[in-house]
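Input: one structure, supplied below.
Labels A, B and C are assigned to the chains in the order they are written; within every chain, residues are numbered from 1.
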């Protein structure tokens, strides 16, 4: 009996020890980032945010305010713009007038996000429409069912079809790590995706729509995979953790992992993004604290009213 | 099946850049260590000046500067300590176990309260990174007291059919690599089982032991139950050879362990020894490579390699040797070597000038014997005692760097072809303290673990410790175990309960 | 008819040998009548016996505990079948030998029963804080040297041997110098007990000559002995050269005492090995 597709793939790419990966990532939060290094890291994180709204109740008005926030996160402190806004395909055209030509990109979650459970034809049509409407980046979900059933060729063919449908747009491939469950699966899916996407395309942890999102552990598995793929092929794949990164402290920990796994070349928005919404305000809040020396209330920052 | 091009064994034409784009600012730990200019001995619940009237300087290895003066206890001081311990023994050993336990719980809590202060003192005096003192030594020391506290009233469950009776006064001599943690390993089980203690810390790292004396005061521990005397070899000999000692517990070099065992010959003193090692860390070709590399790094650079169970001999299966070396070098590029007080330092200062020159001497022998040396380019501080993380490739079993304990951040890399060869090489040593095994296959872990002649075997991890996990070595790595119920047995006499036969 | 007398030989490596030195010493009855020549073993015989033990030990340690139990029980059966002969060898003007034989048989049965149980008393599963399955098992220390007392030439000898071999060690034992014949007979029983040759090696001869070799031979990882204070010092000082453990028994102890029935005697000849096995999918 032939070995399963997963077994054959793992024989090729190597496995991950779950306990070991968690021991490794437990060291990142112990890095102490102060003063200029902190300001640099926070600003870098701002520039890497894919400012996201993915709600059924999204309206053109909501999209407009999201875009304004993306272009000018905060009036004080000489801050960078975020990398992109991330919206549903139907909202792409509403974002275009606000960000066109500003350098802020429009990302859209196509392919029957978040489940991906629509016919391929439908998913591809959705991608083409989003691109036609002005999406610079497409965040697709992989066919987890195909992966878990060992139908790797099908999973890869679908990604390749989306790559083609993207045209000039950048592709981000969402593995939905919580549904892959094991680190071995995450490593395997990372390689399957990386082998059919283009230099500068992304692999991404999660949709943010399941209970478990990006963690230092599953990010580490993907960073290690990106490094191995780069060293073997020279192809630079970018990384995007999404969901669950809610505050500046976490963001810096995720970035430390990038710095110490992939090095300086990945510390830029074209190689690394945060998929987040509330993270941005906490980054701004900490930056203001750095700049002014005083702790800030949340309501100082737009679209945040938490607290009293 | 056609030969498959494996992505695990590519030649490494490309490299990653670990540069200074995002350089961390210095992050010195600022909590005060509250050091005294001059310390006193702790005997019979009192801080007393040494009868010898002599003191010696303790230096900080981070910059070579003097920190404090430490009393040099002579035979009379040691005798006073033993007398105090002997006076304290009857009441302490008769105290209900639950009450003894409460003192130990208090000590655990107080250590947690003063954890940062103690961690800074540990780093200043010993040179270990504050990260390790803070995240490992102190929490683990408190955990040892907490664990053993709970045993004090449950000793009749340790050995079925037997009652555990205390031995009497225990003399304990500890090393400089984990000063406070080794103190905890020694004192906690001794007190839990109802013994009283005379403890001597290592001469280069006495400060935290003497600070610990103030925790004992804060805990209200009855006077004389723990006595702390400081000094060098002569003081240690006086502790070991005192006629009152019912047991000697020593952690340190095999060389000194032999001297102690010899000097105890003909006495009825019990003896436990936790001595040197030259552990093999075995990486099989099916190992999870990144986690293995992490474990190799942790195995040899943790605490600058000043670890008796350090994974100082890396045994790699031939097919992945180059891959492992590439990954190791890449990982070394992100290790931060320098001021141990900086919170981002991964590898700190070598404990003393003597130890540094011993490491340098052995490294030179590796070069002279023809092994290939690699050190990452990391600037070392100009003051203090530092040694760059060092890899030796092409090492033969006969090289000194493969046989002698270096006790520094120096890794010797050897290869093997089959599991049997790995076991042979791993066991080909007079030591037998610990070993590591890396493979993705659980059954292989258990097979290899059972064949390795070592007291502790780590599978897909390294340098893990826990108060409930017995620690100690085979062959010339020691006698007895510390931790767990096994450790308790070495601090007690087993008195058989009446049995029906 | 003239009876055929037996030439007493030592049981080493599963074979019956004379001393390599060619030396013997006479064994006489209580009434002073010559009985036989006993091998006067040398330091070299001890060395050879250690080599034999080293060959046999690993295989014995790999036997299943159940198998070791059955083999030890078989030894009790063999002793039972020749108990009369053994009793007469043990009989002295002061004590009849039957009791010592019976006690020895019971002790062998007792330790046979421990073979597949002591691990459950001495080992442990340790509740560590990290994500590991952590357990401690015992392993034999290797080769154990035994210096038997002069009295109780069968019971004391077996009391020292049993806890060592039940745990999978191999032993090299020096029998009572003044009453060596029970050990000679024991060798003949061991040879038919299914115990692999070399697991128990029995030497006879001068204790004073061999003591220091027992102490300093690095391959011997533990010693069990009765010893005078001077001998104890010599054994312990010699043992220090290779960090060897020395288990001393009081020469005056009551060898028949049930206190000798304890798994903690087995612990003396084991090393504890702790394994950290990862837990993770």
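The criterion applied here is as follows: a contact is a pair of C-beta atoms (placed from the backbone, for glycine too) under 8 Å apart; a residue touches a chain by one contact, two chains touch by 3 or more.
Protein names from UniProt, one per chain: A = Deoxyribose-phosphate aldolase; B, C = Aldehyde dehydrogenase (NAD+).
Just so it is clear, the structure is predicted and the values come from calculations on it, not from any experiment.
Undergrad: If every chain is a node and each touching pair gets an edge, what shape is that graph: line, ring, star, complete or other?
TA: Per interface graph, the chains form a complete graph.
Undergrad: Determine which of the two chain pairs, B-C or A-C, is joined by the larger number of C-beta pairs in contact.
TA: B-C
Undergrad: State, to the nearest whole Å, the distance from the C-alpha centre of chain A to the C-alpha centre of chain B (Aldehyde dehydrogenase (NAD+)).
TA: Measuring from centre to centre gives 42 Å for this pair.
Undergrad: Where the CA atoms of chain B (Aldehyde dehydrogenase (NAD+)) average out and where those of chain C (Aldehyde dehydrogenase (NAD+)) average out, how many Å apart are those spots?
TA: A distance of 36 Å separates the two centres.
Undergrad: Which whole number of Å gives the spacing of the CA centres of chain A and chain C (Aldehyde dehydrogenase (NAD+))?
TA: The computed centroid separation for chain A versus chain C (Aldehyde dehydrogenase (NAD+)) comes out at 69 Å.
Undergrad: Which positions in chain A are in touch with at least two other chains?
TA: 17, 19-20, 23
Undergrad: In chain B (Aldehyde dehydrogenase (NAD+)), which residues are in touch with two or more of the other chains?
TA: 460-461
Undergrad: So which bits of chain C (Aldehyde dehydrogenase (NAD+)) are touching at least two other chains?
TA: Answer for chain C (Aldehyde dehydrogenase (NAD+)), listing residues that touch two or more other chains: 130, 132, 278.
Undergrad: Across the complex, what residues on chain A touch chain C (Aldehyde dehydrogenase (NAD+))?
TA: 17-20, 22-23, 181-183
Undergrad: Using the touch definition up top, name the residues of chain C (Aldehyde dehydrogenase (NAD+)) that touch chain A in the complex.
TA: My answer: residues 130-132, 278-281.
Undergrad: For a test of understanding, state which residues of chain A touch chain B (Aldehyde dehydrogenase (NAD+)) in their complex under the given definition.
TA: That would be residues 12-17, 19-21, 23-24, 30-38, 40-41, 44, 191, 224, 227-232, 234, 255, 259-260, 262-265, 267 of chain A.
Undergrad: Would you pull the chain B (Aldehyde dehydrogenase (NAD+)) residues touching chain C (Aldehyde dehydrogenase (NAD+)) in the complex into a rising list?
TA: For chain B (Aldehyde dehydrogenase (NAD+)) paired with chain C (Aldehyde dehydrogenase (NAD+)), touching residues are 143, 159-162, 254, 257-262, 264-266, 273, 275, 430, 432, 442, 445-446, 449-450, 454-461, 464, 466, 468-472, 474-479, 481, 484-486, 489, 494, 496, 499, 501.
Undergrad: Touching residues of chain B (Aldehyde dehydrogenase (NAD+)) toward chain A in the complex: what are they?
TA: Where chain B (Aldehyde dehydrogenase (NAD+)) meets chain A, its residues are 4, 6-8, 10, 12-25, 27, 131, 135, 286, 288-292, 294-295, 298, 334, 343-344, 440, 460-461.
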